[in-house]
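In what comes next, chain A is part of two complexes: it sits with chain B in the first one and with chain C in the second one.
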Partner chain A sequence: MADLVSQAKELLDSGAVQVIIGYAAGTNGTRRPHVARSAAQAACLVFDEGCVQNLASYLVKPEVKRFGKAAILARTATARAALQLMAERQIADGSVRILVEAGDSVAVLDSAEALEAHLALQAEGISAKDRELLERLRAMTHAERWAFWQKELARCVKCYACRNSCPMCYCERCTMDCNRPQWVPVPSHAVGNLEYHTVRAMHLAGRCVECGECGRACPVGIPVHLMTFHAEDSVRRQFGSEAGRTAKLDYALSTFKPDDKETFIR
Partner chain B sequence: MNERFEPKITAFVCNWCTYAGADLTGTSRIKYASNVRIIRVPCTGRIDFMLILKAFERGSDGVIVSGCHPNDCHYTSGNYHARRRWMVFKEQLEFMGVDTDRITFSWVSAAEGAKWAELVNDVTAKIRALGPHEAFHALAGQGIN
Partner chain C sequence: MAETYTISNEALDRLFQAMAQDGRRILAPVDADGRIELQLVARPADVAQGYLQTILSAKETVFPKVERLLSYELEPSKVDLKDATPQALPTVLFGIRPCEASAFAALDAVFNWDTRDAFFNARWQNLAVIGMACTQSDAACFCTSVGGAPDSTKGSDILLKPLADASGYQAEVLTDKGRAIQALVPECFLSSEPSPFSPAVVESAFDQPALTAKLPGLFDNELWVDQSLRCIGCGACAFVCPTCVCFDIQEEADAKKGERLRCWDSCGFSMFTLHASGHNPREKQSQRWRQRVYHKFSYYPQRYGMLGCVGCGKCTRACPVDMNLKEHLKDAAEVQA
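After this line comes the complex of A and B, so read on.
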């Protein structure tokens, strides 16, 4: 990625964008988010295999929007998130430059159409490891799955890192923060934890871009991303729509077809 | 004395079809199980999935969700939206290991008083056989982690 820094500097210097959301070297070879607002700040940008975090959640934050026009370094999941945010009218088409890997440099995608064309060539988002875990869980009996999730969710400390790291969880007032009525108890409690994670998955069904950021953000290592992956799978299988593939997507749960097929309503 | 387990069943029904249907059951003098607690909502589209979870949390052993048949919604499309939501919600609950046999979804029109009685009787018998919803109620009884 030799040309990244020079390309970034050019974008900032020419005034095409006012801020670049990307990655810089962190400690112990890790990569951390880095926001560059000047050519000097762009000097330490990196973009390699270690850059796994989905940065798209920054795109909808008012404090980042205030900087002006943004560019963002994007792997497939981030690009899908950006496209889904455009579909949900959270960022305007053309207001963000998406920088995707293209050989030794980055390609600049500046429209939903370009993003769609780019994403059409990308493979499925879920890693083989997560796919295997999902299949293993689905093969279990009800009781085993119940035991599995109870054991996992018992560790949940309700820090909401999964919600806050998610690019699609941008509501200014989340159901979880409502106290009239208080749907879900605030402290970590067995029922509340189950409810919270069910709500999160349901609110992301048909909107999850399968980046797995929630699972990476979890400080106690609960595979919370499997729940949203399952919800997204469920929508894809039953309604044939997929989040983050087109900017003209109707939210699966706010639309319907008169001939939706189910087998359980008597 | 050998007391029979009487399940608590919460029914979320829409105002325009199933509630009127249940009313018809009564005015037709059809007897049915008294285990059901009916909660009337404007439309099946109003039935947030959280209501179902809350019913279990507050002690229900079974839940019935019922509304107008497709194409009969008073608000044109509320039941279509609800159907999609249930299709995803049911799969999600199954993935979380929640016993979805305890939730019954149904369409009961205002003219189907007999169907309502049959539905309630069937569900009551089924939940009675399944026993109390221990797994969920045990959670509710737990303290703060």
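After this line comes the complex of A and C, so read on.
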């Protein structure tokens, strides 16, 4: 991406934005998030196949927001998350420049409408490997699935990397951290872990942009993203809506429609 | 002076059996679907091959992620208070790396600072460490910058070094706990001269004494803001760290009974040091990141005469956003004050 750095420098120098949320070289040839506030800091920006992390969580991070208007390098997952954040009124339409790959340079999308049009052309995000794992889980009996998650969640240490890496987990004070009253046990014991992950999956049903960032962030390798993928897929099947495709808020779990299926009432 | 022996692979098998017969559980790095985890093992063959380190540290053997300190039942005009007794099973930690073995001293410094912590001590007294010298390292490792070495004996009761022909190990028996293990099967430990061993190469990355001397003057430096902008404020670094010792006390109770639990805490969390008044002296991520560095490299040396970091690099490997501690410390050591 030959023109990336010069485009980024121009955005900063012209004052169009005050900060660029992108990627730079990380440990062992990986890519890491990089927050550039000056042309000098933009010199090390990269945008390639190694840039797998969803950066949208930085759009709502107070320490980054305070710099002013932002531009963000966005592959499909980041773009979907940015659009969902607009739908949920966490970022204003037009307040962020979304930089998407366009050959040797980046194209600048500066409205929700442009983002919707761009995303309409992007393929589905879930990898073949995750799809296969999801199918395997769905084919299990309840008892097998329960045993699977019991075993996986036993490794959880409640570091909250899954929550904090998720662009849709932007609450300033998470219910998990409340202790007056305490809704969910804070300790990382069996009940505490199970309740936390169940609540997280439910909270993301219909809001998950399927980036898999939570699973990637987990230091002990729990595939927590499969929970939110499944919850998202259930909402898609039941209600026909999908997170991160439109800036119009149409959240299935808090919107009543006369023709909603009511198959859960038995 | 440590005694040096040779243990053949067959002898190690017998040592494992002897330790089990002696009533000790053996925890060692195990390959679990590609993840290296500390698990119960029965024989040397159960131990992972060619591992670098476990993901989580061995600190959970003395400082578990959740520890019940006491429980109580409320009755009319009476509280029935019960102290908890730690489940301190006799344990051998086999095959952990010298960096992690040396980390127990940093936990000891806090848990025995003034009050002697009954839970930590019960577990620690029942723990023996058979360390394994490193023959490989990665980009996250920096033990040699913080006073360690890939073949350091610090913290190990016995230190093993793989023999070049893979026929067994050279064993240095270092402490009374190590000698007690040796005494279970003395015939497995053959006296020998130290044999040549090529430890992993870990180059020194920064001048730690100079960094420690410089830190008080860097408190308001923009460096901490720059470094922490990508930090997402999770606790992965603290929870994989073998020396991170901060904990939170949680009460799980209803109207009739309750338990008091000690849980791992992390300076990455936004609620770390949040006061009951609502005031938080470290309300920004940069302040909490600075606290992490200062606690390990400034406050620990001041209070305990040692560092709160062993350079294992676990935090760097676990970080979802690649906060590379070695790189950050190097930058801090080189920045203009």
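The rule we apply is simple: the second predicted complex is superposed on the first by the 262 of 266 C-alpha atoms of A that agree within 3 Å, B and C clash if a C-alpha of one lies under 4 Å from a C-alpha of the other, contacts with A are read in each partner's own complex, and residues count from 1 in each chain.
Quick note on the criterion: a contact is a pair of C-beta atoms (placed from the backbone, for glycine too) under 8 Å apart; a residue touches a chain by one contact, two chains touch by 3 or more.
As the structure is a computational prediction, the values presented were derived from the model and not from experiment.
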Handout entry: Touch count on chain A, higher of chain B and chain C
Key = B
Problem - chain B versus chain C as contact partner of A:Arg163, first or second or both or neither - result: second
Practice task
Determine, under the contact definition given at the top, whether A:Ser188 touches first (chain B), second (chain C), both, or neither.
Solution key: both
Practice task
Please indicate which partner A:Arg145 is in contact with in the superposed arrangement: first for chain B, second for chain C, both, or neither.
Solution key: first
Handout entry: Touched partner set for A:Ser57, first chain B, second chain C, both or neither
Key = second
Problem - Partner chain in contact with A:Pro258 - chain B first, chain C second, else both or neither - result: first
Practice task
Pick one for A:Ala201: touches chain B only (first), chain C only (second), both, or neither.
Solution key: first
Practice task
Check the residue A:Ala16 against both partner chains and state whether it touches chain B (first), chain C (second), both, or neither.
Solution key: neither
Problem - On chain A, the residue positions that both chain B and chain C contact, one per complex - result: 157, 187-189
Problem - Residues of chain B that touch chain A when the two form their complex - result: 49-50, 53-54, 57, 70-71, 77, 80-81, 83-99, 104-107, 119, 135-136, 139-140, 142-145
Practice task
Could you pull out which chain A residues touch chain C in their complex?
Solution key: 26-28, 30, 32-35, 53, 57-58, 61-64, 155, 157-161, 163-165, 177, 179, 185-189, 192, 213, 216-217, 219-221
Problem - Footprint of chain A on chain C - complex, ascending - result: 33-35, 37, 55-56, 65-66, 138-140, 225, 228-230, 232-236, 238-240, 248, 250, 252, 261, 263-264, 266, 269-271, 284-286, 316, 318, 320-322, 324, 327
Handout entry: Parts of chain A lying in touch with chain B, wherever the complex brings them together
Key = 137-138, 140, 142-150, 154, 156-157, 183, 187-191, 193-195, 197-199, 201-202, 205-206, 227, 230-231, 234-235, 238-239, 252-258, 260, 262, 264-266
